[in-house]
Every structure is written in structure tokens, then in C-alpha cells.
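What follows is a set of structures for review.
Common to both upcoming complexes is chain A, partnered first by chain B, then by chain C.
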Partner chain A sequence: MSNKIHIGIASDRVNPSVALNQRVPKIYTPGEVITEQNELMRGHGTYEEDGCLKSSVAGLKEEVNKLISIKPLKSRYNGEIGDVVVGRITEVQQRRWKVETNSRLDSVLLLSSVNLPGGELRRRSAEDEHMMRKYLQEGDLISAEVQNVFTDGSLSLHTRSLKYGKLSQGVLIKVFPALIKRSKTRFHNLSVGASVILGNNGFIWICPTVNTEEESVGGFIQNLEYIVPIEEREIIARIRNCILALAQSKMMLFDTSILFAFEESKKYAVAELLLPEAMVDVALLTQQRLTLLENQ
Partner chain B sequence: MALCEAEKTFILHSVEENFRIDGRQRGDYRPMELETNIVAPSFGSARLRLANTDVLVSVKLEIDSPTLEQPKLGKIEFFVDCSANATPDFEGRGGDNLATEISNCLSSAYKSSTAFDAGKLCILKGSKCWKLYVDILLLECGGNLYDAVSLAVKAALWDTRIPLVKSVVVDGNKVDMEVSDELFDCERLDVTGAPIMVTVCKIGDQCIVDPTTAEEHCSGGSVVVAVSKSNFSTILQTGGGSLHPMTLLESLKLGQTVAQRLDSTLINTLKQINDNSTDVGFLK
Partner chain C sequence: MSKKKELVSKIGLRLDGRRADELRRVRCKMGVFSQPDGSAYIEQGLTKVLAAVYGPHQVRGNRSKAQHDSAIVNCQFSMAVFSTSERKKRPRGDRKSSEMSIHLRQALLAAIKVELYPWSQIDIYVEVLHADGGVYPACVNAATLALIDAGIPLKEYVCACSASLANNDIPMVDISHQEEMLGGPTLTIAALPMSEKIVLMEMSQRFHIDHLPKVMAKALKGCKDIKVILDEAVRSHVEDVGCSTGWSNTSQKIKV
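And then the complex of A and B:
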């Protein structure tokens, strides 16, 4: 698309939905009656009125035995213990950092729940408190794990593992948290030559593949001298545009779907993937391959 | 939004390599979407969406008397409203500075008679003229506001229909005029010369157009050029930082070529729009 500018007309807009031939699940709207039976249990996103169970959010129904809950399509991130999140430091406070994680309230990262550089194990002294801004400052991106959920829904994070810590060069993209598929591993070294962290909170980090040896120095090293080669840049940009294409079509994001989208997008130049038609095409092709894989 | 040093470095290098984080080259634009005639009660309206930047423009008409200095010219006035939906920074009076900056830039860009012929808006010399109120609403900010606003304004003015004045009767100091009753007895404005603004952003030693929000954060300074046909009508520097004379010249050149390309694309798109198309609006 080099040098060509595209201005589309709204009435010609392509429909981003890829669920054309398939059953579109029913979407409940707030106040809609889910069931009139009384034996069922009330879960998240529902309330009882006039003996009926009603939805309090717009979303899909989830049933586990007798428990009925409505999972909202668009929402802020509701943290759960053990989730891996990507977040941005917004504030440095006494013995803690405030982290933006797409949840309703800012999360906290306590000084005592980070690994000290070099992996030293000791009590945090006053000196460490003074050094806090050296470790992490406002605007820095981190990957972390949810350690605790407080009663008001705010999260306490920790980075006490060598895989967590400050993120270096790469790209951050934001999608709805509901689109991230739950799985054991959140850190993916894609075979195409880039690493992806799928944060449960909908923040996705794409960066060049890092050597595990280099990484194990500690979570606070950033190499600003390193110039990412153009080939890797192209891969990262392509993955970025692919994920945005999948997210636009409301497809679940996990390593296989990203890889499929990456392969299907090969026929387009990276910048062409910004066009709505190309985005829908990639999403459709990915959807087809995923259904094929499922049916096997 | 704050960026960390590593992200900035990544963007800086990507601009240097002429392969930006979304795969575009330095002179490339993101795809846009345009809809005209979206606000029914106004005389002309347009909505432009450029990635995450969303702008809604509506044009209203009123009869006014021309100023004493320019009795033959009509009037055009710009008003920008920054919705707090766009970013929380706009809450309260937060967006006022940006709003006045954009509206001042627009009015100075439309001042020149080659850019916009206000003489057509005059009904009776010295006593009656049309006044155009151009209301601009920023619904979402995803970088590159000026360009999006200028494109949307041009599209809205293109869409504007001015009712035909059937007769004007002068009786002493009283002026009576009769506007055609027919709904479709209107004429369109000639907006081929209406200026297009292009923000040229300086990142590192290079200049880019159509910066994303992240790229705007990395920029050391930017120039907004308003280009009408092939002439500059306004040049404005935004953001901190200073520009070397050579860089300024370079960015002016880049801005001019890009603006001409944008202009021809926009006019082509506007010609394709037919009046009978269904409304799309904001529901996706």
C-alpha cells in the first residue's frame, strides 16, 4: 500500500464477524430473564428479581452444574490469583508501585514481592526503598503474576520468578480480556521468531525472542543499545497486525490462532494488514483452519 | 499514557529503519473510514475514523450581516469540542487549550480567499450573508488529530447544502428575502480548495506523517501544514522542541506532497458516495 491512501466509505464497511455459517451464541442483555427456575444458583453477572434470574451485564451464559453466570463481552479485567498480567507502572509510592492493569482499580506491586537484582534474598532495607525508582519507574512495563485479590477487587502482584519482571524492547497491544483464551502457559516463543506474552488482562506484549540465559540475570535489565534487526521487526509488526485482526473479529487469542493467522497473512504485505478487508480475510482463513483442526 | 524508555527506543529505531511498528513506511497513512450526511438536522455533516481517532463534524447555517471591513464576504466559524469520552484528560476544562488551538488553526487556514471562497456566501453586499458554524466533536483520540479534523471538515463542507435565495427585496433599511420552500432547492459549496492539514512529526532525525499516539509521545516536535491545492495556507508548530531550518524545509515538502495525495483521495472518495446509501452511524 506504499504511498497510497485509503479512505473507505462507511456504507461499504466489511462485516468483521467470522461466525457466518456457525451458530452465533445468544447474547443476554442487562435485565433479560435468563431462567424462571428457582433451583439454579446465582453467579457473576446475574441478579434475582420477581423470582426470575436476570442478567446484569451484556454477555454470554456460562453454566457449571447449577451455577449460572453471565460473562460480559466487554469488561475491565477481573483478576484471579495466579493470572499472568502485563502492566504499566503509574506511580512509585512508599514500599510499593502502582500498576495499571486494565482492572477497575490500580494494582499494587509491593517492594517485598519483587526479586532484587542478582537474586539476593534478604529483608528490604530503607536503602532499597530509596532505590525503588532505579528498579522500576513510571511508564515502565512489567509482566507479573497476581498474588492476591483484595476485597475491593484490586490486585496485588508479584514478580518473584525469573520469567517475570521489566519488559524491554517490543510492542504492547490492548484487547478485551475476554478474548484471551485461558491456558497454562502465557509466555510463548513462537516458532516464527518472536515471543508473545498473552496477559490475562488483555495486554499483549510482543518482543524479539530472548535467550533464556540472558534473561536469567534478573528482571531489571533493559538493553537500549540493541537495535532489533529489520527481519525481526517485520515479524513483530506482522504478529501485531494479525492479533488486531483476530481481535476485531472477536476471535479467541492463543498461540495456535496467532500462528495460523500469521501464516495466512503471508500473502499480504505487513502494512496491508491494516486494511479492514485484509483483516477480515485473515480472520476468516484462521477460523477455517481452526475448525479443521478441531474436526480432526 | 507514558511510555518506557525501551518502547521509545523500539519506535525510534523503527522510524530510522523506515519500517514503523505497524509495518507502515514513513510517508504512509493508516486506512480511514468516512461517512457523510450522518447528522440529520444539520446542513452538512461528516464523520471520519482514522484508526482510533474519531471525529464528527456538523455544519449549520445562519443569516448574518457581514463585517464592515469585508462587506462582500460571508462568515465561517469553527468550534471544537473535546469530549471527555475521548480521554480523561479532556474532563472539565482539560481540552480547552487543544480545542482553541485546533479551531484557530482551522480559521486561519480557511481565511485565504484561494482556499475558501467566502464571497459565495454573501447574499446582499453589506447587509446579508450566510454564516457557517462548523462544529467539530472529538469522540476518540488515537493520534493525528489535526489531519483527521481537517479531512472531516472538508467532507462536511462538501456535504453542506445551502438553500437557494429566491428574491431579495430592499425597502429602505429593511431587507426582506425569500428562501426557496423546496427542500432540494439547494446549492453545494465549492470546496475543492479547502485546505488539508498534515501533521509532520519529527522522530529522531526523520520525519513521519500520521503518527500513532505512541509515536506522538516519542516525537521531538511536529509541524502542522495546511495545504490548499498546492499552496500552503497555514503552518503551525506544535509540541515542545525546536526544528532545524533544514528539517523544517524537509517536513514542509513532505507535508505538501502528502497533503496533495490526501486531497485527491478524499475528493475521489467523496465523489463515490451516493445519497441513497444506508446510514451506518456508530453501531458496529
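And then the complex of A and C:
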């Protein structure tokens, strides 16, 4: 079997940047003095020293009344109540699962905050505790909602809705959480024939479109028998490569940008989309369409 | 001419054509990898170093190490087997590498605000691709950039620089491998350049104590110069990323 191998030399590497010429706001870097007034409150990314408020990260200033914080452009996921996240089970403990969610501490999913098969009002017995590994075991992927944020920054998740639960067949992509645009809906059934879950924590799940009526049990069904047709797999692979291209060029990810990138990528074969030139091209074309859309 | 070659010529130039107070060319890049939370690449002259930062994340492995009031910082220094003129047997784990890891950790701990991340762990991996003198300073500088890229709070930049004494009189900054070999004591310091705090100082060989203040001042000046270069790189990186994302997810509303 002969595969086409692409080897480029370092000197003619493509620059993935698609930055537009924009007015640049003031950037603060670690150790820089923000203000010498001391009636202001210090928020995240700042600290006080010698009566001055200083920045501790590289980013932009955010001011809410007297609270000043510096927000870095890239960091670990800071959860907020109501966020939808995609995570991976790392541990099964007494009455809880530990979930890796790209946060600075592992999140917890309590046995009492999942919907067990058998309806909303089912009592959780000691037997359920023994059966926990049967529902979710180490390595399983889930989608969940943030229920609570503890003082140490760890999150408590819940899957008390049919939307959430164990993920079965699909592809996971990890990007920086800051690249996910905040919006109301996190579950997108793209018209091209696949579903995308844009987790606020930067984990993106792409799966074949499922009819929601079928899955009334919610939660723990994982249908690995079902064979996804090759066309759907190609669509999923293409979406994955498009998202990777956008993420490499640090473009925001939301349904429209993914759709645009998908349409612009049509001139390439799925595998070609992994070439750096093609990735930048797709990102640039998407960028142009988005600016057009914005200016309308 | 004496047995020992002069490190600074009569017209004030060093072996590689620099003046005594000139740094080698510094080139750096942030965000070179996609997998780690932060990464950076730095070139100081021919010394090339890659750094990657993972975390803060849940403590893996030995859970009892987790601390309730601060994050654990874990440093690993390694040198690629092809980085020196003689091929190295093992990239890490030898005495020199472990010592470097400890020194790196000491310098970085002085700046990282670990108290913000209880029960967490921060991993810093540094790999030398090409060693040409000043390996430790390059590693510290690369690690600083990677930490900033990862969005981990720092009190300020940590910069490191080496200095030496030429012809038993002239202090010179940023020592290359050639100059290290030709002799002359090397003083390496890691400092917080804005508050002028020295967080690590190391010296090979010795010179008269009268020379110490001026050599140290030279090294500190070198740290400050490096800080300016790093700061510029950080700003241009943030600008580049910000313009690509259109500054969304920030409170700034900017029109094209």
C-alpha cells in the first residue's frame, strides 16, 4: 500500500494565523501595575503588592464597578452553573464518579444526580451502589450539566435530563475552552447530517444524528452494535478536521463557523484537510464568510 | 600570548563578535503545541529549548502528596540525546538532569502563585534540543513563557542569565559554550527582574570576592534585558490570538 506522505521543511511552514487588523485593547502581562489606587477590589488574575494592584496573568482587563480582574486568553476550564460539559470518567467511588472535565480539579457526578433507568422517582438502594460500575465505568464519556461549583473550584455535575448521559459512538476533540463561543444551545443537529455537542469545557463531541424520540430511557444505553454508514462517518471525519483547522487558527467555534468551514472544505478530500495549507485555507475562507455575515 | 586565550579582545569584542554586555539573539514562540495547556520554544543563540506545561490538574499517582493550601509543582528537565556534540546516553535521570530539575523548580516556585490552586498539580517539562551554553537560563525563560501561555498566575516574569569574568577584569553577560570551555568562572542567576529579587544563584569555579558585585550586576542587567524581550513576545502572542478570536469571550467590544 502506498500512502502519500507529506513532508515540509521548517522554513516554508505555513503560518496558521488568520488575525484581522483590529484595534488592539490594552494587554497586561504578569507583574505589570494595573493601578495605584487602592480603593479598588482585586479579582482573578491580579494581586496586591506595595499598595499597587498588579496583574498576574497575560490578558485583558475586565472591570465591574470596583472589581478589577485580568482574564487570560487561554486557561483551564472555569466552570459556571448551567454549563454543558463533556467529560471522561476517571474513577468510581462511593456513591460518586470522578469525571475529568479539563478543569483544574476532577469534577464529581453523584449517584443521586443521575437518572437511573426506571423513572424519575426511583429510590437509590444499596444495590445501585454496587451496580455503579455497570452504569458508568472508567473511560466512559458523558455529557452533563454543571450543577454546583465548590469553593475549591471543583464542579458537581448532574445528568438529570434525557439530553445528558453516556455518549456512545462518535469522535471527541479537545480544544481550548476559550475557543467555544458562549451560546444558549450546546447541542447542535447540523443540517449536513451529524450532531455536535460543544462542551463549554472545550471538549467537543461529534456523533451521528440520532432521533431523540427513540432514546427515552436516557443515560446509560450504549449501542455499539449499530454500524454507522460510511457516508456518515465521512461527514463526521470532515467536521472533525474542520474543527481542528479552525482551532489551529484560533477561531471561535460555534454552529455557523463549523457549518461554513464544512462548506468551504468541500473542495478537499477528507484526508487532505489535515495538510497545513488546506487547514489555513479553510480557516481563511470561513473567516471571510463570517465577516461578510457580520457586516450584513 | 598567554596560555589562556583572551575572552575579550583589545577592541572589546568577544569570540563570537559580541560586546561584553550583549546578549545572544533571542527568538521565542508561544503556543507551539496543542496538547499541553501551555507551551513555548526559545532560542538563545544556538541553545534551543522547548517547554510544555500541563495543569493545574488533579494530582495523579501518589494522592497523598496533594496539599490543601498549595499546588504541587513538578519539573522535569531533559536533554535530547543529540543536543550535545557527544551523543548522550540517556536524556534524563542522570545526576545533572535531576539537579537541573530541582533548580528549575526552585526558580519557578518563587513566581508561581501556588496558593491559588489547592489540591492541584502543575507539571513543567523542559527539553533541550541544542545545548550551546546557558542551558539553565534558556530553560527558565522557556518555562516562564510556557506558564504564561497556560494562563497560570505568576507574580512576575522569572528570567535567568549567566555572566562571567573575562581577562580577570571585565564582566560579560550570556556565556556561550565556547566561552564556558575556555575557562572563566560562570555565575548563573535566576531573578524576578521587576522587583530585582534573586531566586537562584549558582557559580562554577571561583573568583575574587571583589569581582562579585559587578558580575552579579551584569547578570541582573541581562535578566532585565531578557524580560523586555519576553514581554514583547507575550504581547504579540496575546495580540495575535486575540485578533483571531475577534476578542470575543472578553468584555471588549471591538469593531473591525
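The definition used in the following text is that the second predicted complex is superposed on the first by the 258 of 296 C-alpha atoms of A that agree within 3 Å, B and C clash if a C-alpha of one lies under 4 Å from a C-alpha of the other, contacts with A are read in each partner's own complex, and residues count from 1 in each chain.
The rule is simple: a residue touches a chain if its C-beta (ideal position, glycine included) is under 8 Å from a C-beta of that chain, and two chains touch if they have at least 3 such contacts.
Not measured: the values here are computed from a predicted model.
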Partner chain in contact with A:95 - chain B first, chain C second, else both or neither: neither
First (chain B), second (chain C), both or neither touched by A:167: first
Partner chain(s) touched by A:58 [first = chain B, second = chain C, both, neither]: second
First (chain B), second (chain C), both or neither touched by A:5: first
Chain B versus chain C as contact partner of A:27, first or second or both or neither: second
First, second, both or neither for A:66, with chain B first and chain C second: neither
Those residues of chain A which chain B touches in one complex and chain C touches in the other: 90
Contact set on chain B toward chain A in their complex: 2-7, 9-10, 13-14, 17, 19-25, 27-35, 47, 51, 151, 261-262, 265-266, 269, 272-273, 277-278, 280, 284
In the complex with chain C, residue positions of chain A that touch it: 17-25, 27, 29-31, 45, 47, 49, 54, 56-60, 62-63, 71-76, 90, 98, 100, 104-106, 152-153, 178-179, 181-182, 247-252, 291
Residue numbers on chain A that touch chain B, as the complex places them: 1-3, 5-11, 13, 16, 88, 90, 137-141, 167-172, 222, 224, 227-228, 230, 233-234, 236-238, 240-241, 269-271, 273-276
Residue numbers on chain C that touch chain A, as the complex places them: 31, 34, 37-38, 55-58, 111, 113, 117-120, 148-157, 192, 194, 231, 234-235, 238-252, 254, 256
